[in-house]
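Below: a set of structures, written as structure tokens.
Each of the next two complexes has chain A plus one more chain, namely chain B in the first and chain C in the second.
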Partner chain A sequence: MPLDFPFLYETLTTLLGGIPLTLQLALLSMVAGTFLAFGLALMRVSGNWWLDCPAQFYIFVFRGTPLLVQVYIIYYGLSQFPSLRHSVLWPFLREAYWCAIIALALNTAAYSAEIIRGGLLSVPAGQVEAARACGMSKLLLFRRIVLPLALRQMLPAYSNEIILMVKSTALASTITLMEITGIAAKLISESYRPVEVFVCAGATYLAINFFVARLFAGIETLMSPERRNLPASTSEKQEECHV
Partner chain B sequence: MSECATALAVELLGIRKSYGSLEVLHGISLAAQEGEVISILGSSGSGKSTLLRCINMLEVPNEGTVAIHGETIKIRQKPGQALCPADSAQVNRLRSKAAMVFQSFNLWSHLTILENLVEAPVHVQKRDRKACIAEAEALLERVGIADKRHHYPAHLSGGQQQRAAIARALAMRPSVMLFDEPTSALDPELVGEVLKVMRDLAAEGRTMLIVTHEMAFARDVSSRTVFIHKGIIEEDGPPKEVFSNPRSERFRQFISREETGLR
Partner chain C sequence: MNYLQLMGLGPEGWGYDMLAATGTTVAVATCGFFTGAVLGCLAAAASFSRYVALRASAKAYTTILRGIPDLLVIYLFYFGSSSVISAVAALFGADGFIGAPAFITGALAIGVVSGAYQTEVFRGAVLALPRGEIEAGRAYGMPPLLLFRRIVLPQAARYAIPGIGNVWQLVLKESALISVIGLVELMRQAQIGSGSTRQPFSFYLTAAALYLLITFVSGRGFRLAERRAMRGIRRAV
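Up next, the complex of A and B:
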């Protein structure tokens, strides 16, 4: 198959128009999902059965069912309830845009909650004990010791989740949204050239995620100075030892 | 009782602690005068660390009272729940007076050594940051790791980390210092540098309670030696007396075991 560069170029520029919507879906659902996840994680580690159990159930349901099914249920399913159609939320729930964001947010919250919980549990008990022994209140201990240590620990897994989310926004195309994949589907139906169009769509996601990965690698380095190389004075000493 | 309590740095009365059906401490009373250096000896599982951790409520005793400088820590029990300190503000205040040094150092790994030292003084005791930094730098100088102040704990040797942890405890200007096996996690060649720092602290008249396996340190440095066996105090007295003339057969066995290096 000869490469049709003008067509590829045209396809790519058309697809670029979908980037803002893709980014919006990813960003808004990430923000909302993270808040929800944080609450769920705190419920999970609270040690209180009445808090832990509902959080576990939520995570079980949203991790155990396909995101596509969740998108469909929220978009097609909610309108079946007359009370919802007459509620103040209907202007939002009517829109595919908000349905997609809600579905993505609820879904990512389930995964992120477990990532955050893992981060919180990874904080060494000794360092928490040292903080308690210094007379830190629970809140101060959480803010100054537990949270910074947990954030560092969960960042790699969390960047994974964000990259997955960026790709998951493609499912929004199934409920009429014209983000990258939505535009790609439209181009295919017009041109009957699925290979070129999908390759271009894939390349666009790849480019976005390249920047997401770089961003998180940067944040990780910034937040974990203790994992970087030794400061100068120590390395000098080590050299002396070798001599 | 109440008049003399004010002169005591730490006073434990009838401390009992159990985990489930296993009672670890069977009603221990121990009082530390101002300026006393008390070594607490005992084989592993004797309850000596648990006793030390009851002082700052890292372990909450099931029975008995703990007083620091005459102030009794309030404990409450809700029906069907574990015991807990009744007034967390009081406990936090007293904890910053009774600083603890741990076996595994427990420096905060995301903070530099200097930041470790100023953390509690600034955020718990609400002291001026600049003054705290100056004081912390002097303390690091004193324990001999001033050049490491901008390093992270992971970059230090065990001995240096433990000296930093001692400096962190000192930075809170504590009136009592609690040491929980401070040299047990160290390589043998690093033990000396930590003991030297502790020796200096004892010499300047600080009140110290030290759970340790260092027999020589207990004998030479402490003003009082306490031997705990199976949750009760078996020996209590000046090290010279206790070591040369032990009343308890178990302590005699313990000394000979420790000194031949068998544990």
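Up next, the complex of A and C:
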């Protein structure tokens, strides 16, 4: 089959128009989701049963059901309640855009909460004890000791989560949003040339995800000065573990 | 009609339809999972090959399939195989679009995606084996296949269980996406039900609860399997 370059070029330029929406969905839901996740993680590590239990339940429910169901419940399901349809929230909940962001944010919060919890728990007890011995207040200790160490520890898992999020934004196309996958599906049904459109759309996603992975690898290097002067072989091994 | 009547097993209720659709979900997820297991084994074997071309293609497979949305892969398989079928049918005089069977294309699509994840799980499991065991096997003069069957497989399978459990959960949740190509599984059934009763929340919530039930039960199953497989191994933590 000869390659039809004009068609590929046209497809690619059309798909590029979907990138802003894809990035917006990923970024906004990521920001909102991270705040929520942080709260959930603190509830998980609080040691208080009344805080821990609801957080665990939330994480169980959102990780145990498909994202598509969550999107549909918010976009289609909520319209079942007349009281909600007449409330002040309706202008938001009517829009596919906000529904997609809410669903993605709630979903990523469940996954990120466990990542953040893992990061918090990975802080060596000795460091916290030393800080306490220096007389740091709880808040100062958290800001200066726990948070920086935890952030560094959870970066690799967090970058994986962001890549998953970028991929998940494709589900927004099922509720009428025209991001990359939405445009791709439309192009496929118009042209009946699934392979070419798929290659272009796939390449676009791969490029975005490659960029995210590089960005986080860069941040990781910035945040771990102790590793910078290691011999090449060890640092390579480190990287392999995180892929 | 209240919720219990709506989801009940009576003549007016949707209970049987929802349960049958749950069965379809489990069936399509299982087919996709095992397709992925075969692909994952092949790609993991290729990634340990001494030929650069095989290693590179295994790497490309896992990188690409894990980097693009599953929905896109499902669209590709559905529309791709449909256009092939339509072209073949056109040779015999039929015209117009002929859809590919949704169950097979859906299972294949999630199989190919989950294969990429399973490749990484199997790779990690094999890498977790102590090198000395393989060297010892070789020193006894075992041919590669026997070495694989007697030494590598039994131990790697054990290490692979937690990762495989994660992939299964992923496949199960991915199977909801097959609803977009029209297979009547749990998600699609919920769509149909909410369309004809105008009670979308009840239907999607029921679907969510059923998904939760499957993931919970299978998660328990995998944990039991892990405990059983690891019973002879001492662990630091």
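Keep this in mind: the second predicted complex is superposed on the first by the 229 of 243 C-alpha atoms of A that agree within 3 Å, B and C clash if a C-alpha of one lies under 4 Å from a C-alpha of the other, contacts with A are read in each partner's own complex, and residues count from 1 in each chain.
Keep this in mind: a contact is a pair of C-beta atoms (placed from the backbone, for glycine too) under 8 Å apart; a residue touches a chain by one contact, two chains touch by 3 or more.
As the structure is a computational prediction, the values presented were derived from the model and not from experiment.
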(request) Assess the superposed three-chain arrangement around chain A: do chain B and chain C clash, or do they fit? (result) fit
(request) Classify the contacts of A:R152 with the two partner chains as first (chain B alone), second (chain C alone), both, or neither. (result) first
(message) Under the stated touch criterion, which partner chain does A:M136 make contact with: chain B (first), chain C (second), both, or neither?
(response) first
(message) Contact-wise, after the overlay, does A:E226 reach chain B, chain C, both or neither (first, second, both, neither)?
(response) first
(request) Could you say whether A:I163 touches chain B, chain C, both of them, or neither, answering first, second, both or neither? (result) second
(message) On the A-aligned overlay, A:Q127 touches which partner chain: chain B = first, chain C = second, or both, or neither?
(response) first
(message) Contacts for A:A201 in the overlay, against chain B (first) and chain C (second): which applies, first, second, both or neither?
(response) second
(message) Per the contact definition in the header, classify A:R144: touching chain B only (first), chain C only (second), both, or neither.
(response) first
(request) Check whether chain B or chain C contacts more residues of chain A in the superposed model. (result) C
(message) A:I188 in the overlay: touching chain B, chain C, both, or neither? Say first, second, both or neither.
(response) second
(request) Please provide the least distance in Å between a C-alpha atom of chain B and a C-alpha atom of chain C in the combined superposition. (result) 21
(message) On chain A, which stretch or stretches are contacted by chain B in one complex as well as by chain C in the other?
(response) none
(message) Considering only the defined contacts, which chain C positions touch chain A in the complex?
(response) 63-64, 67-72, 75-76, 79-80, 83, 97, 169, 172-177, 179-180, 187, 190-191, 194, 198-205, 207-208, 211-212, 215-216, 219
(request) Could you pull out which chain A residues touch chain C in their complex? (result) 60-61, 64-70, 72-73, 76-81, 163, 167-171, 173-174, 181, 184-185, 188-189, 192-195, 198, 201-202, 205-206, 209-210
(request) Flag every residue of chain A that touches chain B in the complex, lowest number first. (result) 124, 126-127, 129-138, 140, 144-145, 148-149, 152, 224-227, 230-231, 233-234
(request) Show which residues of chain B lie in contact with chain A when the two form their complex. (result) 56, 58, 88-89, 91-96, 99-100, 102, 104-110, 119-120, 123-125, 147-148, 150-155, 165, 172
